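These are the structures in question, set out in turn.
Below are two complexes that have subunit A in common, paired first with subunit B and then with subunit C.
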Partner chain A sequence: MGKKFVVPFGSQHIAIPEPIRFIFTTENEIIKSVSVDFGYVHRGIEKACMTRYKYTQVPYVVARVCGLCAVSQATAYCMAIESLMDIEIPERAKYLRIIVHEMDRIHSHLFAIAHLSEAAGYENLFMRVMRDREFVMECLEILTGNRIQADYSTIGGVNRDLTKEVYEILKPRLDELERRLYELKEIFERDYTLQKKWKGIGVITLEMAQKYNAVGPVARASGLATDCRVEFEYLPYKELDYKMVLYQEGDVWARNMVRLDETLVSIRVLKNAIDNLPEGDIKVKVKGNPKGEALIRWEAPRGELLYYVKGNGKSVLERLRIKTPTFSVIPVMKELYYNQPYAFVPDITISFDPCLSCSAR
Partner chain B sequence: MFKMFLFSLKNLFSKPATLPEGTEKPKQYRGLIKYYEETCIYCKKCEMVCPPGAIIFTYPEDGSKRLIFHYNPYLCIYCGECVRACPKPGTLVQVEDTAPPATAQDKPNDLWFEVEKEAVESKKIWQEARRKKRNK
Partner chain C sequence: MKNFEEIQVSLSELREAIKRFYKPEEWHFITINGTDVGDGIEIKYFFAAYGKSKKVKAFSLKIDYNQTIPSIRDIIPSAWIAEEELKDLLGVNVEGTKGGIFLEPDSPQAPLRKEVKNG
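== the complex of A and B ==
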């Protein structure tokens, strides 16, 4: 029995730029108990959507829930309203939504990978990944007109079309990005330092993932096959040769590799979508107000995103509920710390790619 | 590891990846909204759809139909919803420039709150003026 020490991690910590607070009680550097607290950046977005904004304005409001997965939030909300009001959007709009959504996923995943390598002390690799991420950011900028806040999905379709000029700029950039991603994969697979640092650390077993209801890349790294893109057919992912990435190890390394492999899958889906883009309109006109309830589960870069919408025939929604992926993985994250040395905490925390501003809404 | 070491050495002699200051933005970058009064029919659709409420029309005192357009570039999120809602194309145009950072001297908030208040008050005066005109 060693002496007990209480070590606070956060609410401001150099390993995570976002506010979350853990209080670890350690014995000889081994963690014995954890308490988690978050919600420091609550902005009341749900309440604002239910009182101040019309339901047609809400896509632009919920996009501000999260910076990195802004596209997923807006798309999920639009799909919820469309299923509520029985709106069938054009095929071209569906494909365009996939294109922007996958670009969003690539840049979010590359950011997570870069961040994890930085936490491992590999600054050099961090800069390299961030440099390659710039390719997809530029693609997003050309297609949607902005780097982060795409404001692309709207109720009934999308806001901008993919013209021929844009296609000619995008195509070579995506090829170059794919080449660079394969190079990155080779580095991550072979690097001696990273293997030592990440393999066998923070292992989530399949039983644990099921018991604590893990989502997204975290679940898929433990062999739990959960992916809303496969489970639901809101958007035509099947036609675009999408395959789920599964790893069995469940450690920090596997979580990183799932993200890296998913970017490669996303690139393949993206290229298929851009080449086989159907002709037609990008938007249908929407009339009337929503009445009834709808629930949507949608795959954001970090995992399953849940939107519940309830309308009562007025222009302002009666209820909007957002459950973000980081919120779902916090229980398994907490469970993982027990009986681990304190030195592993930054790596484990960042391997979840936490987005606390999302969870606090 | 060795590969990354070589990559770092190469980077010492290569050009920086960051773009220099003043690089041109890509075409069709979303930016500020420009308003041309000549074609405007004062339907106020842009004011109704704007998510942050960055467009406000105030009413003239004499009761004429020419409303006054106010636009807050610091509040605008550049979504382009007003441009799509406008029934007269060419009245509202999205340009590629973004708003310069606001300073304390600009008083962006105080001035805008006054406009918001004025929109409510001027409407009453305007309605009264319209009623008088009609009664004459």
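== the complex of A and C ==
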């Protein structure tokens, strides 16, 4: 029987720039119990969307749920409404949504990879990944007008077209980004210290991932084949050579590698989408008010995002529900801490790429 | 149009229906959603089939504001977070929930109830 210590982690902690608090009880530095609290930044976004804003204004509100996956939030909402109101958007708009959505995934994943590198003490690698991330941030700005909070999707399509001039700028940048991503992959695959630090640490088995309903890269790093791009087919990914990335190890290492490999898949999908962009309109006009209910499962960078909408024929929705990916991985994260040394907590936590502002919304 | 399958259950049938249905290797538990419909709370338990296109099921029931619903966290261990949210944001009594994870004590309680006005 060793000494018991109660160790608070957060609500503000140097390893994670978002407000979450864990209270760990440790015995000889091994975690024996944990409690979690993450309600520090509830902003009432759902309430506002059900009382203050018309359903046509909501895409611009829900984009503020998250800075990193703003495109996912707004587009998922638009597609839930389009499903409810039986709106068929133009093929070109579908491809443009994929292009921006995958750019969103690349910069979000690179941010997570950089953050994990920094936590491992690799500040130079952090800076290198963030430097390469700038390529995709610039691409997003050229295409949408903003680096973040793009407000690109609207109900019925998208707000900006991809012109020939933009294509000429994007194409070489994507080639260069792809080259740099392969270089990064080689670094992560070969670095001895990172392998020692991350392999076999924080292992989530396939059974555990299923039992606690893990989503996104966390699930796929444990061999759980789940991806809303395949399971919900909300956009034509099949036409663009999309393939799911799966690892079996379930450790910190695998979660990082899933994200890195997924950036390469996203580049391939992006290039195919840009080169085969259908001609035509980018949006259709929307009339009437939503009545009934519908949902969409959307593969945001961190995993399954659910938008459930319920309308009663008025311009303001009766219910808007947002279930974010981090909301779904907190149960498995909490379970994973048991019997881990406290020293592994920062790496394990960051390997989940958690977004608490999203979850508290 | 509605794009998921809905199964209506009563409060007394809820646990047994989910217990019979749920297999963690086949079904992914998405979340629980509550909606204040004016004369009570409508609650839906959403599930998606692994690897099958667009297959989403919801177990649905309606309760009075003061009714207590049973917990399903012994059947689906990850459901605790959705049950805590239901308690905090809609004021639904769920067996075993303590509340206070999603809201601070000095914030408006059960903000998604219709009676709570947007400030």
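Points to keep in mind about this one:
Simple rule for what comes next: the second predicted complex is superposed on the first by the 361 of 361 C-alpha atoms of A that agree within 3 Å, B and C clash if a C-alpha of one lies under 4 Å from a C-alpha of the other, contacts with A are read in each partner's own complex, and residues count from 1 in each chain.
By definition in this document, a residue touches a chain if its C-beta (ideal position, glycine included) is under 8 Å from a C-beta of that chain, and two chains touch if they have at least 3 such contacts.
Keep in mind that what you see is a predicted model, and the values were worked out from it rather than measured.
After superposition onto subunit A, partners subunit B and subunit C are found to sit side by side with no clash. By the touch criterion defined above, A:G292 lies against subunit C but remains apart from subunit B after alignment on the C-alpha atoms of chain A. Once the two complexes are laid over each other on the shared chain, residue contacts for A:R319 go to subunit C alone; subunit B is not touched.
Taking subunit A as the reference chain, the count of touched residues is higher for C when subunit B and subunit C are set side by side. By the touch criterion stated above, A:S33 is placed in contact with neither subunit B nor subunit C. In the superposition on chain A, contact of A:N276 is made with neither subunit B nor subunit C. When the two complexes are overlaid on their common chain A, residue A:T193 makes contact with subunit B while staying clear of subunit C.
With the two structures brought together on chain A, the opening angle seen from the C-alpha centre of subunit A toward subunit B and subunit C is 100°, to the nearest 10.
Judged by the touch definition given at the top, the superposed model places A:E231 against subunit C, while subunit B stays out of reach.
This overlay, made by fitting chain A, leaves subunit B and subunit C with a least C-alpha separation of 16 Å. Contact residues on subunit A toward subunit C in their complex (touch as defined above): 36-40, 42, 44, 46-48, 50-52, 83-84, 86, 210-213, 215, 224-226, 230-233, 292-295, 297, 304, 306, 308, 310, 318-319, 321, 323, 327-328, 330-332, 335, 360. Here subunit C touches subunit A in the complex through residues 1-4, 24-25, 28-31, 33, 35, 37, 44, 46, 48-54, 56, 76-78, 80-81, 85, 88, 100-104, 107, 111-112, 116-118, going by the rule given at the top. Across the complex, subunit A meets subunit B through its residues 53, 56-57, 60-61, 124-125, 128, 131, 134, 138, 141-142, 144-146, 149, 151, 159, 187, 191-193. Put simply, subunit B touches subunit A in their complex at residues 1, 3-4, 7-8, 17, 26, 28-30, 49-51, 77-81, 84.
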